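In structure tokens below, several structures.
After this come two complexes, each holding subunit A, first together with subunit B and then together with subunit C.
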Partner chain A sequence: MYIAGIGIIFNRGRGLASLEKALTEGWVNPNSAYRVPPEALTDKAVLKEARRADNFTKMAVLAAHDALADSGIPEEEKQKLGIILSTGFGPHVTTFSFLDDILTYGDAGVSPTLFSHSVHNAAASYIALNLKTRGPTLTMTQFADSFQQAIILAQAWLEEKRCAYVLVGSVDQCGKVMEYICSQKLKVAVDGKIKPFNFSKNPESVPAEGSAFFLVTNEAKYNKYCAISGRPFPGDKEEAELLILDSDGMCGDERPYGSAVENNVPLTAYAPVFGSLPGLSAFSTAAGALMLKNGKIYASPVQENPHGLNILTARQTLTVHKINCLRYNCYLEELVIRLRRGAR
Partner chain B sequence: MAENKEEQLKAIRKKLKELLVSHLSLEDVVPEKIKDDEILFGEGLGLDSLDAVEIVVLLQRNFGLEVKDMSQGRKIFYSVDTLANYIYDNQKK
Partner chain C sequence: MPGTNVAISGLGAISACGNDLTETLQNFSAQKRNASKVTLFESSLDYPVFEVKNFIPLDPSAMRTLNLTFAAARQAVNAAGLGSGFGNLRVGICLGTTVASQLNDTDFYRQYRDKGSAPMDSVERYLKSNLSKALAQFLKISKINLCTTIVNACSSGTDAIGVGLSWLRNDYCDLVIAGGADELNRVPLDGFGSLSVVSKDLCAPFDRERKGLNLGEGAGIIILEKESVCRSRGLTPELFLKGYGLAADAYHLTAPRPDGSGLEQALGQALKEAGIKPQEIAFINAHGTATKDNDLVEGRTISRVFGTKCVFLSTKGYTGHTLGAAGGLEAVFTCLGLREGWVPANAGFSNPDPEIGIAPAKEKTQIMGNYALSTSLAFGGNNSALIFEKN
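Then we have the complex of A and B:
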């Protein structure tokens, strides 16, 4: 399937211009967490029917809206559109607020609106409402595999001709509770810097939030960025000319990345730009797709290289056509999203 | 006595306006700009049925009042004035 449009909102702003700027500038210390700036969530025109929505939903709605707008798919084609939202944790900030209210006010004193927004599928429903689509809408949750599973489902929907287009993306939010949990359960980088090439058994992370969406289709004429080739199943290996590692410290032991990069393939990793979050692969996919479209490769934002690997150290003109985004999940299973310039 | 009542109603109206704006996420609405007699639902402030449920919760949390009869609620929820009068009358009991 082909990527026809991309929408992204992350700690450095909203849109592809912000993504390109962030990839060019490289790492900036996020302090304790990579948070989406509040001003990036204030688009009244897009969010006019999302007054009650939380930031989790707003991020998803904005990214999905932008992906569709970027694609240039004709308005009448929207009725052939499916939506798949993937998330590691869902709208946990709202869920915890709801639980706090039960403790404070009792079960009769909690907000019904808060409850209705605490369910995982609320954001996907808002996207459908916002875009006025009537196709299949689904939320996928499988922690660090969520985006890969969503990609597999999008491919299935397109092959079954259940839809002609799918908006597939990832969203996760970083609230105070999540930041606390990360500080207790993960090794948080005290200098705010994720070191993706250390391949440590106990890696460092910095919690993050954001959303990245893609308009995908099997219609080659809408291919604006690149193709996503094959399924991201574990063990399905295909050589790439550039490897983006999603080693962000979120899934624990990162030693398997070391054995995956033995053949001197050029490497990069953008976790230091996006932060540590279950759907990091969606953001890496956006970076990879942008690179294939623009013909530029962005230097790895953090270049600490204890294993002497072939890491991209400067912005270069693109000579590669095959980029793989590699993620190891918490079970150390390998997941690969293969981006290919041109045909599938 | 009447002066005292008016002062209390004024304080309730002020608190209500602030609560409505924050609790109902009324973007671009400044509490002070809501008129005391402005119709809350439909035309006027433009609230809807979901907001009505939130106002029920708001009254319970902040004033300890329950509105169980929604036909009664229609009159109570008409404006900030009617809400404030309901709160004043029932908090006194």
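Then we have the complex of A and C:
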């Protein structure tokens, strides 16, 4: 399948221009967490239906809207659209607000609005409502695997013609409680800098939030960026000419990345731009797709290289056609998103 | 790919209606409704609920939702002849839930709110509670091809089975363990209470005097596999999953689209995939929560698509609304109906609702035909449908 459109909202703003700018500028100290700036969540026109929704939903609605708009898919095709939203932790900020209600007002005094927005699939439903699309709409969660699983399901839906297009993406929010949990469960980088090439047993992280969505389709005429797969392409030996490592300190032991990069394939990693979050691979996929489209590769934002690896240290003209985004989850299972320039 | 026959080789269920299939059928037959006050946690709300009783957790350290899953999955796996292992089969696990996906531990949050810090025990437990991953570990399956947890609110279990169907049709797996599970929990009880959709009496799906839903808990698991794989294991499959439909209302976060067109779209898709006409459906296991809105929209849509003489019922009068488990449990119950040749009475129903225009099964009913449908409607306007066949 092909990527026809991308929408993204993250700590450096909303949209592909913000993504390009961030990739060009490189690492900027996020302080305690990579949070989406409030001004990026104020598009009243797009958020009209979601004006009472939480930021989890708003991020997803904006990214999904932008991915569809970027694709150029004709308006009349929208009813052939499916939606798959993946999330690691769901709208936990709203869940904690609901718990606040229980603790403060008791079982009978809680807010129905908070409850209905604390359900994981509220965001996907708002996307459908916002886009007025009636196709299959699904939300899934698998912690750090969530986006990869969503991509695989999008492929399946397209292959079995359940829909002609799928808006597939990832969203996660970083509230104060989650930041506290991260501080207890993970080793948080005191300098705010994720070091993706250390491959440490106990790596450093900086919690983050954001959303990235993709409009994918099997229609080659809508291929605006590249082909994408969560499973090997037919005849594909899975060899990549560039690896984007999603070593963000989120999943614990990162030593497996070391053995995955032994063949001197050029490496980069954009976790220092996006932060540590379950759906980091969605953001790396956006970066990879943009690089394949624009014909240039952005340097690794953090270049500390204790193992002497072949790291991209400067922006350069693209000579690669095959990019893999590599992630190891908390069970040390390898997850790969494959991006291929041109036809698959 | 559309021609891939997907067989059902194992069923497992645990709910207030029974801790296994035999007990469930007995209680269906006797119209026994095992509701009580909440005993699993403290609550000031006086709603009847359907709790699973006499239940010994297989892993006492794990959250209740996981233990319900393990119990139902063990039944299904044994029934499928896989109790000693999965060999070289490429296995997928796709389960639906709502509660297990949320970090909603009130004690943890109370301590964090009061002191600015809290022990990580409940967080640890939450991180180990990804339903599909936890089941893979419990069953010690070494060759997991795909593993996903669906969080589509009340249609999660149905959609998890639908995703399993997609995986098999696309040859991503040979066999999929699918279904749903949820425990009774304070957060949804308070939340549904706040929406004024919970009844203080026993629920009465599709009844004119219905006052709302009762919450419940449980797990329903089915083993899906390619027919060829099933036969190569020496089994002769009797039940098949033939079609799945999923459509969005794009209307409202908590209310169904009044014209039922989202549900109708999902039904149409499932019928098309199954390659059958509406009149070939022997019975419908409806979502039937007993809320005013759901039953009105669902009943009218069933009437419009399947006619006023169709056999339909809601089993929520026996289980309560088990949220993420509902689709899994009701898929199992639908398969049982086809296998046994009868469906139970729609517990709680006595007064036809003229606004709906059709009435559910008033008594234990023999069914004629080979196809049956199970529907789920969910928060956010999700409409899902599964069609099963008895060969």
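Keep in mind that, in the parts below, the second predicted complex is superposed on the first by the 336 of 344 C-alpha atoms of A that agree within 3 Å, B and C clash if a C-alpha of one lies under 4 Å from a C-alpha of the other, contacts with A are read in each partner's own complex, and residues count from 1 in each chain.
Just so it is clear, contacts are C-beta pairs under 8 Å (C-beta built on N, C-alpha and C of every residue); 3 or more make two chains touch, one makes a residue touch a chain.
Values in this document were obtained by computation on a predicted structure and should not be read as measured data.
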Checklist line | Simultaneous placement of subunit C and subunit B on subunit A, clash or fit | finding: fit
Margin query: Can you report the vertex angle at subunit A, computed from the C-alpha centres of the three chains with subunit B and subunit C as the arms, to the nearest 10 degrees?
Written below: 70
Notebook entry, point to check: If you stack the two complexes on chain A, which partner ends up touching A:Lys44: first (subunit B), second (subunit C), both, or neither?
Noted result: first
Notebook entry, point to check: Who does A:Gln155 touch here: subunit B (first), subunit C (second), both, or neither?
Noted result: second
Next item on the list: Check whether subunit B or subunit C contacts more residues of subunit A in the superposed model.
Entry: C
Next item on the list: Pick one for A:Ser111: touches subunit B only (first), subunit C only (second), both, or neither.
Entry: both
Next item on the list: Quick one: classify A:Gly135 as touching subunit B (first), subunit C (second), both or neither.
Entry: second
Check: Which partner does A:Ser247 reach: the first (subunit B), the second (subunit C), both, or neither?
Finding: neither
Next item on the list: State the minimum pairwise Cα distance, in Å, between subunit B and subunit C in the overlaid complexes.
Entry: 8
Check: Do any residues of subunit A touch both subunit B and subunit C, and if so, which are they?
Finding: 108, 110-112
Checklist line | Parts of subunit C lying in touch with subunit A, wherever the complex brings them together | finding: 1-2, 43-45, 98, 101-104, 106, 109-110, 112-113, 116-117, 120, 123, 127, 130, 132-133, 146-153, 159, 163, 166-167, 169-170, 172, 186-196, 246-254, 261-262, 265, 269, 378-382
Next item on the list: In the complex, go through subunit A and note every residue touching subunit B.
Entry: 44, 51-52, 105, 108-113
Item checked: Complex contact set, residues of subunit A against subunit C -> 83, 87, 89-90, 92, 95-96, 98-100, 102-103, 106-108, 110-112, 115-122, 124-126, 128-129, 131-143, 145, 149, 152-153, 155-157, 159-160, 162, 177, 180-181, 184-185, 231, 330-331
Next item on the list: Provide the residue numbers of subunit B that touch subunit A in the complex, in ascending order.
Entry: 23, 25-27, 50, 53-54, 57, 60-61
